[in-house]
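Here the chain labels run A, B and C in written order, and each chain numbers its own residues starting at 1.
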C-alpha cells in the first residue's frame, strides 16, 4: 500500500555556497599554492560528484605554516592583551552565525551528513564554542589553573572528518583564547568547511599566521605532528593513529591531547522512560550515521524489556528517512567515504558470520554515493567483534543484562572509555551507575548532547585531556609540571 | 658498663598487596651508603613481582576510590602521624643512605610529614576545586568531577628517597588511585621503611605497593603493562624517557614526564599532580517534571 | 467492564510492569488501576519535548503540503464554545463547515461542529444531509465540577438532541487527588450514557501539568471506553502542545497494540495556523502511524484555523497570497 503522507523533497538550496574550483593552503593569512605538496579532489559522498580541488601540504608547506604560526605567536598573538584576543574570537563567532546557512550546506555537501544536523548541531555549536572561549581570553587568571597562566606557543591540530567545522572550532577556540597560535589540518575527505572558515578568519581580520589551515591526507598530518617547531599537538581521530602520535611524541616534551575512539554502552533499565530511551538509542547510534566517537554503539538492555525495546526500536527505525543530505527531512545521510563504507561493511559482515542476527528497516539506498542502512544486531554476545570494535557507522549491537552490577561490568569491559548512557527513572541508580562507569561523558536519560561549557574527553584508550569548559583551557596553558 | 651487643640487621622485602614478600626470584642486591659501604640487602624485584604488584593495585583501587574522600584524608593523616612517630628512624636512614647531615635529614622527614598532611587535607577538597557545574545551553544539569585514573606506576625520584617519594605517591593516592612504586634504586631503604609505616596506617593493602630493584629493568615492564593506566617518570634514568613513553602509548597511558633537573621537592606543590592523575567525568541529566 | 485486551506484557508496545495482567484486570479495583497507571513507563519531559520539536522541524512542501492542508481541513472540529453563542452563530458556522470555501467546491467539509448541548438541535438542523457530525461538549464543561447525575443528564440531553459525538471532561480534581477509580468510573458511566454517540474524553492537560499524568489519564480514558482522547477544553492555558499530542499519540498506539482497539486523538486549543496543523499531522504520521491520518482517528478542535488553512490552500494552488476578506468570517 502506498503511504498516505509522502513528504515531497525539501532540499536546502546549494546556491548559498560559492565553491571555488580549487583551493590553496591557508598560511600566514592568505591562500597560497603548495611548495612541495600536490592537489587532490574532494567529493560529495552522497553523489560522488567532485566538489573542488584542494591542495595537499608537503613537508615544506608544513614547515612554512609552523613558522608563520611561531612568528604570529611571538610578534602578535602572544603579546596581545587578552581582551583584544577575546574580541577577535567573538568576531569570528558572529561571522559563523551570520554565514551559518552557507556553512551548513557546505558541510552537508562535503561530509554527507543531513542538513538538519549541520544546520541545528554542527554549525551553531561551532559558533557557540568560539563565543564560549572568546570570553575566557581575558579571564584566564580566574580559571583555577595556577597564577599567571601562559600559552604553550604553537599548536598543531589534526581533526577528523565526522564533524569537520565543529572539530575545528573545538580545537581553535580554546587555543586562541589562551594565546596560542595554530596550524590546523582538516581531514582529507572534508577540507571545505575549514577552508571557508579560513575565509571567515580573513573577514574577521584575524592577524596573519595566528591560524594556518593546511589540507592534505594522513602524511600531511603525520608531518605536522612530528614538526619540532610545535609546543602542543592535539588530535581527534582513531585510537590507532592516536597511539602512533603518542609514540611519535615520546621524549619530545611536547604536550599532547588525544580524543580517540569509543564503544559506548547505552544502558536501559526496565524502569526507563521507554519512549525517550528509544529516541536516545536512535540518536545515540544513528546521529551522523553513527560516525561519532561517542556513539552509543552497544545497547545494554535489561532482560525483562529486551524484546519490547527491540520491537519498539524496529518500529522507530522504519520511520527514519535515508537519502539526500540536503533534504531537510533526511534523518540518515551518506557515509563519508568509500573507505569508511568498506570498514562498516566488513564489520557488519563479521557480525553475521559470528552468529548475530542482522536487521535493517526497509529503505532503498540511492544508487550513487556511499550508503549504509541503519542496522541492528540482536543476539550479540560480548566476544563478538561487533561488540568490541568501534564500527563508526550506523550499526547497533544489542546485548542484555540482568543486574546493575552486570551492566557496569559489561559497559566497562572495553579498552575504550569515552561515553556511556543510562536510562532509568530512579535518580539514585543514575548516580550509582554514573560513578561506576569508566567514561568521560555520561548521559543519563539523554544521549549525544554537547555544549561548549561541558568538558568532553575519554578515559583509557579513548584518549586524554578534555575539550570544552574551563577544563578545556588546561590543554593549552603551561602548567607547574611542565619542565 | 654494658657489654657490646651485636646488632640485629633488618631484612628488607617488597611490599605488595599489604604483605611483605621476598622477591619470587629469590634475588637481592646490596644497598650501599654514600661512601660505598654496605648498608643492607634489598629484594631485587622481578617482572613477576611487578606483575603481582599491578594485580594487587588493581584489586585495591576500586575500594579505595569508593571510600569517602573524608576517609582517605584520615588515612593520609594517619600515615603522617605514623611517620612523625618514627621520625628518628627515618633521619637515620637518610643520613646513612643519602649521606645527608642530621639537620638536612630531619628537614626532609619534617617535609615529608608536612606533605602528607597537605595532601590529607586535599582529599576532600580536590573535587570541589577541580570539578564544576557547567551552565549548558539547554534544560540539563551538567557537572564535572575528577575521578582517579586507576593504577599509577610510579618511578620514585632517585635522589630524594623520602621527600621525593612522598611527594609523588601522596597526590596519586589522595585522589583514589592505587600506586605501584619502584623505589629509588640506590636508596630504597626509606621507601621500604615507609611501606611499614603504610602497613600500619589503616591504608588498605594494595593501595600502595613498593618494589625495589633495577629501575632500568622494571620501568619498561611498568610502561608496557596494559593494566597500568598512568605512569610517573620522576625516577626514570635520563635518556630512557622516550622509550618508556613510547611503550606507554600501547594503552594510551597518561605519562607524567620527568623534569631535568628534577624539581625542588621541598617547595610547596600545587594541585597539578592530583589533576594529572585524575580523569574529568561529565554527567548530563535532563531537568524536567 | 468488557475485556478489551490481550496481555499487555506480550505486545510490542510498552508493557506495564508489575503483575502480568490483562486490561480487564486493570479496571478491577482501585488498587489494580493505580498499580497499572503508576507502572507505566515514565515520560521524560526534556526528551519528549525534544522529539516533538524534532518532528516539528519537518519541512512539508508542495504536493505534500496540499495533501496535508486538505487532510487537516477534513479533521477540523469547527468549534464555538462561548457564553454568547446563539442559534444564528451556530448556523453560520455550520454553513462554513459544510462548504468551507464557497468559491472552491474541491475543499472538503470539516469533520464536525462542536457546540454546547443546548445548541445541538440548531446545528443538527443546519447540517442535515451533510457528512459533518455534530459534537457536543457535556459533563459540566469546561470545569466538570458537578455531581455525576448532573453530568450524565448533560450527556443524555446532548445525545437526545442528536449529538453524534460527546466531548466530556474528566474530573481533574479526582485525578490530581489520586482517585483514579473515580475518574475511570465516570468515563465508563458517560460512555454508557452516550449510546451510539462517540465519546471524546477531554483530559485538560494544562491542568494535569506533567506528561506522566497525561499518559496515565489517556490510559484511564481508553480503558474507560473513550473513542477519542482529547487534550483540552480550550479554556485553560496551555492547551494542546506538540509534546502533549506526542504522549497521547504514543498512548493510543500502545493501547491499540495491547487491546486491538484504535482510539483517536483530538488536539484542541491553540492550533491557529496551517503550520501548526501540519506539525500535528507529521506527529500523527510518525508517532501513531499513518493509520491515524483520517478524521475517524485524528481531529483538530479549532475555529480560526480553518481560514488559515484556506488561505494557505489558495496560495499553494494559485501561487499568490489570498486577502483577509477572501474567506468568510463567522
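Rule of thumb we're sticking to: a residue touches a chain if its C-beta (ideal position, glycine included) is under 8 Å from a C-beta of that chain, and two chains touch if they have at least 3 such contacts.
Not measured: the values here are computed from a predicted model.
Write down the chain pair with more C-beta contact pairs when A-B is set against B-C.
Looking at A-B and B-C side by side, A-B shows more C-beta contacts.
What's the farthest chain from chain A if centres are computed as the mean of the Cα atoms?
The chain farthest from chain A, judged by C-alpha centres, is C.
Quick one: report the Å distance separating chain A from chain C, using the average Cα coordinate of each chain.
Averaging C-alpha atoms per chain gives centres 43 Å apart.
Roughly how many whole angstrom separate the Cα centroids of chain A and chain B?
Going by mean C-alpha positions, chain A sits 37 Å from chain B.
Just give me the whole-number Å value for how far the CA centre of chain B lies from that of chain C.
The answer is 68 Å.
Which residue numbers or ranges of chain B touch two or more of the other chains?
138, 140, 286, in rising order.
I need the residues of chain C touching at least two other chains; which ones are they?
Where chain C meets two or more other chains at a single residue, that happens at 44, 46-47.
Using the touch rule from the top of the page, what residues of chain A touch 2 or more other chains?
445-446, in rising order.
What residues on chain C touch chain B, complex-wise?
Going through chain C, the ones touching chain B are 44-47, 49, 209-210.
Taking the touch rule as given, give the residues of chain A at its contact with chain C in the complex, in rising order.
3-10, 116, 120, 270-276, 279-280, 305, 308, 311-312, 315, 319, 328-329, 425, 445-446
Spell out the part of chain B that touches chain A in their complex, as residue ranges.
Within the complex, chain B contacts chain A at residues 129, 132, 134-138, 140, 142, 144, 149, 229, 241-246, 248-252, 254, 256-260, 263, 269-270, 272-273, 275-276, 279-286.
Where on chain B does chain C make contact in their complex?
Of all residues in chain B, those touching chain C are 138-140, 286-289.
Could you pull out which chain A residues touch chain B in their complex?
Residues in contact with chain B: 128, 144, 146, 239, 242-244, 246-247, 249-253, 258, 260, 415, 430, 434, 439-446, 449, 451, 453-457, 459-464, 466, 469-471, 474, 479-481, 483.
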